[in-house]
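There are two complexes below, and they share chain A, which is joined by chain B in the first and by chain C in the second.
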Partner chain A sequence: MDFYYGLAQIIGVHTLLGLSAYIVLLTGQVSLAQAGFFAIGAYAAGMLTVLFGWPIVPALAVGAILGAIVACAVGFPALRVRGLMLVIATLAFGEGVRLFFFNFDYQIARGDIKVGPLGGEGFRQIRYFPENGWTTFEVMLFIWAIVAIVMAVLWWFDRSRYGAVLRAVGEDEVAAQSVGINLTAVKVSAMTIGGAVAGVGGGLYAHYTTHIEHTSFNILVATFAIAYPIVGGLASVFGTLAAVVFVQGFLVEGLRFLGDWRNLLFGALIVLAMNLRPDGLVDARVLGRLARVFRGVRRA
Partner chain B sequence: MLELERASRHFGGVRAVDGLSLSVGEGEIVGLIGPNGSGKSTTVNLVTGLFPLTSGRILFRGADLAGVAVHRRLGFGIARTFQNIRLFGHLTVWQNLWVAQNAPEDRARRGFFARWLGGSAGVRREISELLEFAGLAARQDELAANLAFGEQRRLEVARALATRPKLLLLDEPAAGMNAEEVGQLRERILKLRVRGVTILLVEHVMELVMGVADRIVVLNFGQKIAEGTPAAIQADPVVRKAYLGGEAAG
Partner chain C sequence: MLDLLQAILDGVMFGATYALIGIGFTLVFGVMHKINMAYAAASVGGAYCGLLVLVAFKGAPAWAVFLGAFAAGGVLGYLVYLACFHFIPLANPLATLMSTVGMLLLIDEIVVHTTDGMPQNYPAMFDDVMLRAGELSIRGDLLLIFGVGVACMAVLLALLYRTRLGLATRAVSQQPVAAQLCGIRVAQVNAATFVITGLLGGLAGALIGASVGALSPLLTVPLTVKGLIVTVIGGLGSIPGAIVAGLLVGGFENLFQQFRGVTERDLYVMLLLFAFLVFRPGGIFASGAGRD
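Let's turn to the complex of A and B:
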């Protein structure tokens, strides 16, 4: 059973990673910086619990705030460029963060061992959960409680005027500024929220794996982050969740029995999924059908 | 209300707008006409700030607009529509109007969080009133991309009105419309004047401009070649030459 709990943890954390890219993608910006914010949240939260003995929730909160601050600071210069230039700029930032942690040492002696990040060796022994007696099941519940909160908040944003403005900017920047929308403010705010979400996700990631290193935040992770909302569709936050379940649950874990063939099939199935569902796994039609089902249930 | 003082915009060697002086008075409907490529749309883009001026000045109620960002010009009360319709196609009709509510009045009336994260209940009435005006009330939950061409043009005007403009720049609002739709558009423009909106109307469809404008300015090669009442413009030999050919249009 622990295998499935572990898988649910991975799906939960990757959903946060995907959602951090989702909100930025709504404004039409392709950001490969999300793995960087994810790394900042992971290292910050891990250091706070391991080195300074903080409880998990405030540590995650600090990870989120740091992710948000860095995203906001990156957003101002980065969002002045568009399209491919933005992809390159955010990719460079993400790699910069990774290389920073590759060279980052901050260790404290705890008894006869030293704990804390140690450059290329990584940051081992992030043992908050086992030390406090959390079972895998409890950790999974904790992760999913946070995923649920984040999804609820983003869902609410999506249905508010803010969500409509994000989509308006994503659709036509010239028209958006011609009705009085401040493009910079809107894009930077989306980037900031995305940074906070990635920061929380990173903090959770550090604690359930108990060991992070710079390669945990490489370009592949950044690609996954942006791929989830694209494969899942931008109709709602559930698209991202569906894409994570599809990729991590089905493609990565479900097809493990295929051995080496899995890697071959992986790319093919993603291409197939995007061809069969060009507007994403969860598009407006699926949402409409779900809404009707729920309404029907309520009436019955 | 709006003053252009020797406004120029050059693209490389092309003088799209060249030393144009133009004024629009409070409550007026001014027509801006001219052959293709004469600088009409560029003028609109200069006033709304999408292009910076190469030289000259643009004043709105005495304030110099130089360096005022595009989105801030809405705060002055300058709104526009586009020649090639630019709606938010994946938003619904009423959401298109919702996102346009950025006027200082709207900002003053509702708090930051209510305005950005609040529901639509508080603003539904204003939006339905605009939809009524545009004849789109029945289509409010349709995606803008699914509207017919004429409806899209009407929605664009309604979206500009949602910003509470004092000066509205209409960039070829009748393009692609049939005679009946042009007639309805004309009625709407006249109603806008009653609401106190000043209008700069860029148009190719002569029956519309001649029917509603108080005054007409004719551009050719970025320069003003004539200005006057519709009747005077129709009789002007210079204008006839620019439109009908001769060395100017060659």
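Let's turn to the complex of A and C:
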């Protein structure tokens, strides 16, 4: 059973990663910096609980705030450029963060072992959960409670005036600007929210794996972050969740019986999915149909 | 001082491969306004296919392997076009971005699967030759890379500006609808662009394999990043820009590898990119304040 709880933890954390890219994608920007914010949240929260003995919730909050601050700071200069230029600028930022942690040492002695991040060796022994006697099930509940809160907030954003503004910028910048929307403010705010969500996700990731290193935040992770919302579709936050379940649950774990061939199918299935459903797995039509079914059930 | 010059010289020579990869990205972007994230992976894949020549004919010369990589790169380029672009609506840039990322992972995995993840030795030409110019020396295989790279760029420029296909390609890149109204088959031109960039990529992959001495699937992601950086520094869609930027990045990278070590090297390349994004967002040869 622990295996399924572990899988649920992975799906929860990756959902947060995907959602952080989702809100930025709503404004039509492709950001490959999410892995960088994820790394900042992971290292910050891990260092606070391990080196300074903080409890988990304030540590995660600090990770989120740091992620948001850095995202806001990156957003201003990076969002001056658009399209492919932004993809590459954010990719360079994400790689820069990874290389920073690759060269980052901050260790203090605790008892007879040294703890803390150590460059290429990574950051071992982030043992907040085991030390405080949390079971896998409790950790999973904790992660999913946070995922539920973040999803609810983003879902509410989506249905509010703010969500309409985000989508307006994503659909057509010139039209949005001509009705008086401040493009920079909208884009930077979306980036900031994305940074906070990625920071929380990173903090959770550091604590359930107990060991992070710079390769845990490489380009592949950044690509996955944008892959979830794109594969799932930008019609709703549930698209991202569906894509994470599809990728982590089905492609990674469900196909494990195929052995080596699983990795081959992985890329091929993504190519196939984009050919068959270019607007994502859960596009507006599926969402409409689901809503009708849901309403029908309620009426019956 | 001599070390410094030597490091820059070696880097610029190797930078020719970055230039070739950068041209591939920039050409596809120029024609279709799309990024082909699978390009570097397809290039390395083409270079691997070149090794099949050695499997088929024991002791085949190195140039035969290069030729095989060249041809295989073209085939792979066409396959990437079919799988990732042909059936996806043009108005959907995110979908093609994702499908090419899927293709990148697929090609990488096929390579890992068939070689069991072991790096493969790659045949080199002129690797025992050492040219001397005063105190400086030039490795023969790097000189070959540089020479072939420059020749490829010349052929490509001639193709683009002296042939009917080149005219059609440039027309499609400027105004796809108008080009279609003039009777140009847009899909065919797009496919041709992918085949041409694929041929270049296969050759670039083989040259990289020859100069490093071995091919490994670990090469694809760094090459993708370097190629994209070169594309941006050179200016999107600019071929001369990509050439100069490739050489520049190569020299810059080797310089910092010499003095700051291999772990910090890429940090400085990123800083170079940021400097360009802030001060010259349109690339080296930008005319005005062009963004996007």
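The criterion applied here is as follows: the second predicted complex is superposed on the first by the 300 of 300 C-alpha atoms of A that agree within 3 Å, B and C clash if a C-alpha of one lies under 4 Å from a C-alpha of the other, contacts with A are read in each partner's own complex, and residues count from 1 in each chain.
As a convention for this text, a contact is a pair of C-beta atoms (placed from the backbone, for glycine too) under 8 Å apart; a residue touches a chain by one contact, two chains touch by 3 or more.
Just so it is clear, the structure is predicted and the values come from calculations on it, not from any experiment.
When both complexes are overlaid on chain A, the residue A:134 reaches neither chain B nor chain C. The larger set of touched chain A residues comes from C, when the choice is between chain B and chain C.
Of the two partner chains, chain B is the only one touched by A:179; chain C is not. Applying the stated contact rule after C-alpha superposition, one finds that A:278 touches chain C and leaves chain B untouched. Judged by the touch definition given at the top, the superposed model places A:104 against neither chain B nor chain C.
Of the two partner chains placed by superposition, only chain C is touched by A:81; chain B is not.
No residue of chain A touches both chain B in one complex and chain C in the other. Put simply, chain A touches chain B in their complex at residues 156-157, 159-162, 164-165, 167-168, 171-172, 174-183. Chain A contributes residues 25, 30, 77-78, 80-85, 87-89, 91-93, 95-96, 99-100, 102-103, 120, 218-220, 223, 226-227, 230-231, 260, 263-264, 266-271, 273-275, 278-279 to its touches with chain C in the complex. Within the complex formed with chain A, the chain B residues making contact are 48, 50, 69-71, 74-75, 79-80, 82, 86-91, 95-96, 98-103, 115-120, 159-160, 162-163.
Every residue of chain C that touches chain A in the complex is listed here, in rising order: 29, 35, 83-84, 87-89, 92, 94-99, 101-110, 112-113, 221, 224-225, 228-229, 231-232, 236, 263-264, 266-267, 270-271, 273-274, 277-278, 281, 291-292.
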